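First chain written, first letter: the chains are A, B, C and D, and each begins at residue 1.
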Amino acid sequence: MKKLINSPDSVIADALRGMAAAHPSLAVDLENRVVSRAGGATQGKVGLVSGGGSGHEPLHGGYVGYGMLDAAAPGEVYTSPVPDQILAATKAADGGAGVLHIVKNYTGDVLNFRMAAELADDDDIRVVSVVTNDDAAVEDSTYTAGRRGVGGTVFVEKIAGAAAEEGADLDTVAGIATHVNEVTRSFAIALHAGTVPAAGKPGFDLADDEVELGVGIHGEPGRERGSMAPVHDLVGYSLDVIHADRPLSGDLLVMLNGQGGTPLIELYGAFAEAAAWIEGHGARVARSLVGNYITSLDQQGFSISVLALDDDLLRLWDAPVATPALRWGR
Amino acid sequence: MAFDTATATAWITAAEAAVKADEARLTGLDAAIGDGDHGANMARGLSAALTNIAEKAPTTPGDVLVSAGRGIVAKTGGASGPLYGSAFRRAGKALGDAASVEAPELGAALEAALTAIKELGGANEGDKTMIDALAPAVAAFQAIAADGGPIAMAAAAAADAAEQGLAATIPLQARKGRASYLGPRSVGHEDPGAASTTLILRALAEVTA
Amino acid sequence: MKKLINSPDSVIADALRGMAAAHPSLAVDLENRVVSRAGGATQGKVGLVSGGGSGHEPLHGGYVGYGMLDAAAPGEVYTSPVPDQILAATKAADGGAGVLHIVKNYTGDVLNFRMAAELADDDDIRVVSVVTNDDAAVEDSTYTAGRRGVGGTVFVEKIAGAAAEEGADLDTVAGIATHVNEVTRSFAIALHAGTVPAAGKPGFDLADDEVELGVGIHGEPGRERGSMAPVHDLVGYSLDVIHADRPLSGDLLVMLNGQGGTPLIELYGAFAEAAAWIEGHGARVARSLVGNYITSLDQQGFSISVLALDDDLLRLWDAPVATPALRWGR
Amino acid sequence: MAFDTATATAWITAAEAAVKADEARLTGLDAAIGDGDHGANMARGLSAALTNIAEKAPTTPGDVLVSAGRGIVAKTGGASGPLYGSAFRRAGKALGDAASVEAPELGAALEAALTAIKELGGANEGDKTMIDALAPAVAAFQAIAADGGPIAMAAAAAADAAEQGLAATIPLQARKGRASYLGPRSVGHEDPGAASTTLILRALAEVTA
């Protein structure tokens, strides 16, 4: 393993120092490991907090700023943050109108955020949690941990963030976040596993003719191993799974996301296939993102997230946003 | 031998050493069906437990376990942080402020830990989690304690039962935690949390032997 | 080699289809391989054209838009575009006030752009060319091909683009572009070579304890092979080279750029080291970019580019820009 | 044998085949000290030359070479596109509209190609470029032509000289093109452009033999 790091132990601390130096628009609390807006919480606005394991950059710290998150709590690589840390983020985001926790559905994230919400309650901060679980690769069932929260989390953060900026109250913002999660589906394929610094080797090994179908964002194996194929087929397979789970029609927001180690030129090639598939099925790409938005360190592969737009969602998506990783309109 | 402040502290110390010695194995198990951080998580968590015990200087075995649990919750993260943290805290609370307890009380504390994990995580026996090691271990411990057996014997039986429970996770398909996302592909591997539970109970057997 | 492609031959065509589908703000001429602004050339404004081999995405197509380029001509992977193609881009960018060619200093790029400029002259389009050569890794000499144009090209495109948008005439815009290039230096280190799709294997092999020091952007070996070291040392080495070539002082624009395969969390860690080095040498990071801005496919490593700011350059850097890859102020 | 339209066309056809057959080798040489695309560039360029010849259906050897050059410039890119493209175009122009030429005229055309490359790229002998194969080849060709030797003999000598020139690039440090960025590390390798020039001249020797 060769990594651009000082030591596996210092990766998060070093990255946070870097974020602090790079983005004057952010306040980075190195002690508590909280990234928040430099100006502090916006009084009277619902605060948005997200967090989870590190290694998914720009998620979540890169989405802190006007129109999106108020604070983020990055844990160790692929490990959810701890309750005290999430509490600190919640306090940094609290402008008196309550705080929304956006939590990806993993046992660790859910439990630590739940504990943090209880601590916040002790401090009289009203917290509502929305758990994202947009991964169509995982079979859903009440007997299991359910589906994972993956790429759709970016949509939730952007759209709920816009609603909060417009002045919606906590329950309304939470309702919108829940709705966004419900109308979003994602699917991912990996070509080569990423390497966790502390582990020192890739999370799984694949032969040159193999891919992992239906992976999450933590370098874990997928729901099955498949054969390497042209990008046309890999994208088609992904959209077939999504479409079977929630038929695609009308105007769509489509994210063709890289897992961190795939070059942008290939992501554009994959997006071309996605757009063609979608047009071919009578739906329409109304808005899109192509690039690295929710990654798995240096993993090679892609994910597709698709959201069914309506007028409200479109307006909130188009609303101004100014974060390190997503910015338009100001 | 009774379970007092020194023994409780020795338990956490031994558990930390055992987890650190086997960190790579735990991580390997988690890499196969999870995200490859269980070794690091447990090492960080039990270090934090020791640090918190050193800071708080608890004077009862119950307080030792509460301090350990708080340290674990505060520093571990992941699924194992809240689960093990609550388990130790609730076990400590069950011991009350006794200066020293015998097998039946320690058995009840272990049961409280199991209940905490079940409540928080919503999992049950057979879901391929740490519960599959802890539940049979608690039963074995309590059976011997009920017969008037000493802590040493009960703890040894608990560790053995945990080990069998760990082995029994291999053919299971995970229904909780990260491994559940793998569906049928989670079959054929030991559950990492069951493996760390086994290490922790073996440490208890060793310090009480 | 596993790549998210249909075939090595279709990589550029597929990526251009993807860009067209993803960015309604762009007009993509699939036939001539030209990416230009959807609205066409801005009448009365100096047009900016750049281009070069593909594989460096988002450079150059991702920098087409308000405040930056008017058109880009992407060649085959790592191969400069051909004269006819550059001519087509030049025509697409021509708003009647002349066109600036921003050319990275490689024999192929220089020759093909020179031929295109001659063709444009036949069509009565006035073209001025600025050749970027900011790579401090290469010894400069009039007896050789000279230094390479690397990361500083992004600065040139942004700042000259802002000047053109302000209404500066062709000679003024060219003068600013030349000045930006002169006050910029870059240096790059690679940990693992990228893979050209047609070649099918990495451009060079490095052991686990080796790095290439002073690489360019085409997957070529560097000026020497060095030992793997903590990111603190690798960044320090790079800035030492830059500083020795052109002493760093005052307010700086700093780009910590990824080569395509290095995770963002590591780039932030590297930027922390760069910022500390710079502060330690009495200079100041006034503006920065951290991320993948000029890449080498999936190569792992980083480059640092540093520009000495003055008030004019700062104003032009801060001016609004709206391209797929760089956007603020609108 | 004189150099006429058919021979000129056969030359480009044979050159294209030779480059395609050796594409991987050319790419390998370029990967070592450049960017690993010379094989693909030359294959694409000479294919374009053939396509353009087929389209234009030139009726003189000069026009064949001009068509080849235009095709190369239009489709190759890189350093080799303009350099080889100009070389063939200028060689073709040097032949004028003769229906067939002999060794001295063909020698002069090759010299025009060399001059074109030198003017455009600013390189000279010893800079470790295609010039290091072409310059000695032109000299060898012209020496035999000046003695009244036939094209076949002159072309064979040119190919041999190019081969020696190619070998002589190994110890050189590159001063032009991409390889120059490597500084001293460019020593110890054949120059890819010199290698493709050698292939092209060997093809000339073969079709005129």
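The rule is short, and it goes like this: a contact is a pair of C-beta atoms (placed from the backbone, for glycine too) under 8 Å apart; a residue touches a chain by one contact, two chains touch by 3 or more.
A quick note: this is a predicted structure, and the numbers were derived from the prediction, not measured.
List the centre-to-centre spacing of chain C and chain D in whole Å, with centres computed as mean CA coordinates.
One centre to the other, that is 32 Å.
For chain A and chain D, what's the span in angstrom between their mean Cα positions?
A distance of 54 Å separates the two centres.
Provide the C-alpha centroid distance between chain A and chain C, rounded to the nearest whole angstrom.
29
At least two partner chains per residue is the criterion; list those residues in chain A.
77, in rising order.
In graph terms, with chains as vertices and touches as edges, which category applies: line, ring, star, complete, or other?
Shape = line; chains linked end to end, path left open.
Who touches whom among the chains?
A-B, A-C, C-D
So in the complex, which bits of chain A are touching chain B?
Touch list, chain A to chain B: 53, 75-84, 106-108, 111-112, 114-115, 135, 137-139, 143-145, 148, 196, 198-199, 203-204, 216, 218-221, 223-224.
Under the touch definition given earlier, write down the residues of chain D that touch chain C in their complex.
These residues of chain D touch chain C: 27, 31, 33-37, 40-41, 44, 73-83, 120-121, 175-178, 180-183, 185.
In their complex, what parts of chain A are in touch with chain C?
So the residues of chain A touching chain C come out as 1-7, 10-12, 14-22, 54-55, 57-58, 62, 77, 191-192, 194, 206, 208, 211, 228, 230-232, 234, 256, 260-273, 275-276, 285, 288, 290, 292, 295, 297-298, 300-302, 322, 327-330.
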